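Here the structure is laid out as structure tokens; the discussion comes afterwards.
Each chain gets a letter, A, B and C, in the order it is written, and its residues are counted from 1.
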Amino acid sequence: MKSVIDILDLSVQELYEMMDVAIDIDAHPAKYAHKCDGKKLATLFFEPSTRTRLSHEAAMLELGGSVIGFSGAQNSSAAKGESVADTAKTVSCYADIIAMRHPVEGASLVAANNASIPLINAGDGGHCHPTQTLADLLTIYREKGTLSGLKIGMCGDLKYGRTVHSLINAMTRYEGNEFVMISPQELALPDYAENALRKAGVPFKVTTSLEESIPELDILYMTRIQKERFDDPDEYERLKDSYSLTVDKMEMAKPDMAVLHPLPRVNEISVKVDDDPRACYFKQCLNGKLMRMALILKLLDEAGTPGHSGYWEKGEVHMGGICPNKKCIMRTEQELEQKYYIDEEGNKRCLYCDTLILN
Amino acid sequence: MKSVIDILDLSVQELYEMMDVAIDIDAHPAKYAHKCDGKKLATLFFEPSTRTRLSHEAAMLELGGSVIGFSGAQNSSAAKGESVADTAKTVSCYADIIAMRHPVEGASLVAANNASIPLINAGDGGHCHPTQTLADLLTIYREKGTLSGLKIGMCGDLKYGRTVHSLINAMTRYEGNEFVMISPQELALPDYAENALRKAGVPFKVTTSLEESIPELDILYMTRIQKERFDDPDEYERLKDSYSLTVDKMEMAKPDMAVLHPLPRVNEISVKVDDDPRACYFKQCLNGKLMRMALILKLLDEAGTPGHSGYWEKGEVHMGGICPNKKCIMRTEQELEQKYYIDEEGNKRCLYCDTLILN
Amino acid sequence: MKSVIDILDLSVQELYEMMDVAIDIDAHPAKYAHKCDGKKLATLFFEPSTRTRLSHEAAMLELGGSVIGFSGAQNSSAAKGESVADTAKTVSCYADIIAMRHPVEGASLVAANNASIPLINAGDGGHCHPTQTLADLLTIYREKGTLSGLKIGMCGDLKYGRTVHSLINAMTRYEGNEFVMISPQELALPDYAENALRKAGVPFKVTTSLEESIPELDILYMTRIQKERFDDPDEYERLKDSYSLTVDKMEMAKPDMAVLHPLPRVNEISVKVDDDPRACYFKQCLNGKLMRMALILKLLDEAGTPGHSGYWEKGEVHMGGICPNKKCIMRTEQELEQKYYIDEEGNKRCLYCDTLILN
């Protein structure tokens, strides 16, 4: 059963096909309005995420299907101590496809391995959130006409930002892209991510100044800087304005630069920028829904075909290893077998959360 | 985009048309069962209100549409600090019409101004709750055959009761109505509301006795008296029974008096009154659903037509002013422009929550 | 209006008919896909129970109907002090059938008595949970080809387990069944239940050893043993493993023994048993959905026909009596008339929660 846990579970070719479908849905919605008649999506949200949940639900409804589910752990059997695996097996009796959000890293993979229906990872802790990246990719593709040869500024929290890492991974697969990493030092891109870019031969530069780098960008991907990330609150107060996008800073940008943001936005983009035609973050919402429609169609189409799942391509899988990540599903799921794989550089990584296993 | 924030956003003529549609829906439901096929209602309930939410959802489903949404703030992006405006813009990508409930006064207007789809205010704090008044109006119309020439008793909490003020405003537009305001002094109708009635030339009297006034009433509108409203709990204990409707008191009323209550009822109407044919509060539920169906049909019908929104008729709008209401959306929404209008009496009022601005 | 509060509200004949329908639905789902077009199920869950809720919702959707409702008390009007009766009357305006879960015993009966649409009891405190028993019965019927002549082991918490008592009651109606009651002494079947079995002439034995009794069983019904039930935590630690089903214990069982569990499972069945073809607890989920479909169809079919409700057959009903059960709806519902009935043995029992009234 094919499921999508990580954006890399979808090949470049598959992504192009899905974008074509999404654009066709937007142009001819009536053609798709009954594609999923009689099908049910289960939205299993073990933590609240209204936007992501509503986007999946709207997607399914616009395909003619219907929705069951829950929107927070307090309303789920998890409160009674049920395992993720059992929830997945049970819900497979009730629905045709699952969209799952869970605070624990690797939970979506464990669920996918136990479900007898396809599963979409709608976010598993700080690990993966592939459908956000689908929204990002379609937005870039529609705004710029290409996914190649772009200078992309990633601004804000590059250390913890799950969507940042995922978009970098995704855009690295297209030719000729360059990155500008814009953040305070406290929130710089982790070393392993920089190393991966170097190894892949992708040019990037690192800067602390949004103002200086904005003129050269084709894409500006904004994210939120959270006060809690700073040891020194004064440091946050001193820095936050320089990573906030204002009308003034927009004046320095190219006339066709596209501004993206995964939302929700708090104050890192001024409301006054919303009227600028280069502000694409609400279009991203629409694109996210369209790509989720394309993904649901694809996974239900392929639900009959056997076995392939992208994550097995990570590398050779072995039993054993002890995952050091305290937020990994290994720590909470009962009787879950510890497994690891060998990555391209020969390192052991936890199969569930991809954390490096040292020993 | 036309939205309904306040009952006064709908003209007397529009209300009559909607009541005709509601009555026709009740008689011929099959005619309407597919009017909203493929349409989606988003129920954005930032605080719980089961009855109001289910009524909107049932209304949309009976028109053939479907529903997405949330039923309490803990499950929404608001917990992450998202503005009402951004939520409205986002949800406009997912649905065709919004029904929104929010604890903050004026929140629904801000949402309506930012949504690209019509919005129904399903209650914004103590400010407005127009669809409850729609239920009240249809109930009076069906029970009495008219909205004019009625003697209407308003009983209970007339000070804080949002539905009371809204129904008074609505009924004042029809000719020949008189009011009897029945409440303890602690919960009497506010001065400004009394003044508005005097100015409009609507006869009313004020009394503390339900028992004495019940014989003359055509309509008795009951509301709950909450213990928390009293400075002195003993005073509450001493008074509560006299504002409770019992079988004994019903015997003193006209044989065709109609009893209304916005529900939920706690103990202000005895359960034994339910079997009296004059008890109309559960019919109100049904009528509420029918009027919401008529409203959804109307707003979706008019969704293509430009710009008119009732609230602009309040008076001339200006920038500036400082709203003194601590529960106003001005206090919480980021970068929201302060605006006021000049009411009929020449006073400045906050555009969002209608609070008087003194200065 | 017929409602189902207790499994005994359905006759043996009715249960066979429903099982036939359920099996036919499984074989020919398309035949049933539009049986409930335009109908609405209200899921009123005053406490969370994801599995039960989703099963009812999936059932209704697969019949072509739609769903409204809530999934926890914090989102309902109950928080404002509304009575169960009023909620039932109100929701009768919005839906065609109700599935209700409530923490208070007897709440579902009070709701059914006030609703003008059929009601399915989806669990009322520790009292009844008939649709779980429907799932159990169909699973036994499909696995063994009969509901008669079986040796049934009930294992775990036989004292508090609502599903245990309900299944015993249900299976006692079929000929030739025998029970083996397997539990620690702290959690043994209550005396009144043992007496009822003796009176009905149903053979049973009582044991503390799962290992010794497993070889002779046709059915093993597992339930969870909760640590909180033990006065002495050490006693729990000492005992728990012996009531846990493992691959080793399965080797001692008959090759065609069926293992059932009402789920959620915590650790009383090893995950490794899941792959054993005799493990039927996930099939139970599917069967539960199918039986709920059959029940919805039956109740909507009969919704036009007057008055009969199974619980009136309990015995002659009288006004008065004081129910000693602190979790009974009598304690919380306003103006609810105390009623009792005389059971087969001449005892007075509370009409709402069936508790013995001593006086």
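Here is the rule we use: a contact is a pair of C-beta atoms (placed from the backbone, for glycine too) under 8 Å apart; a residue touches a chain by one contact, two chains touch by 3 or more.
Computed from a predicted model, the values in this text were never measured in an experiment.
Participant: For chain B versus chain C, which are copies of one sequence, does the interface use mostly the same residue numbers on each side, meaning over half shared, or is it different?
Facilitator: Mostly different residues: under half of the interface numbers shared.
Participant: Once chain A is fitted to chain B on CA atoms, what angle does the rotation have, in steps of 5 degrees?
Facilitator: Value: 120 degrees, nearest 5.
Participant: Counting only Cα atoms for the centres, state how far chain B is from chain C in Å.
Facilitator: 41
Participant: By residue number and range, which residues of chain C touch two or more other chains?
Facilitator: 66
Participant: Write out the stretch or stretches of chain B touching chain A in their complex.
Facilitator: Residues 38, 40, 42, 66, 68-70, 74-77, 79-83, 85-87, 89-91, 93-95, 334-335 of chain B touch chain A in their complex.
Participant: Enumerate the contact residues on chain B facing chain C in the complex.
Facilitator: It comes out as residues 33, 48-51, 54-55, 57-58, 61-62, 66-67, 71-72, 263-267, 270-272, 274, 282, 285-286, 289.
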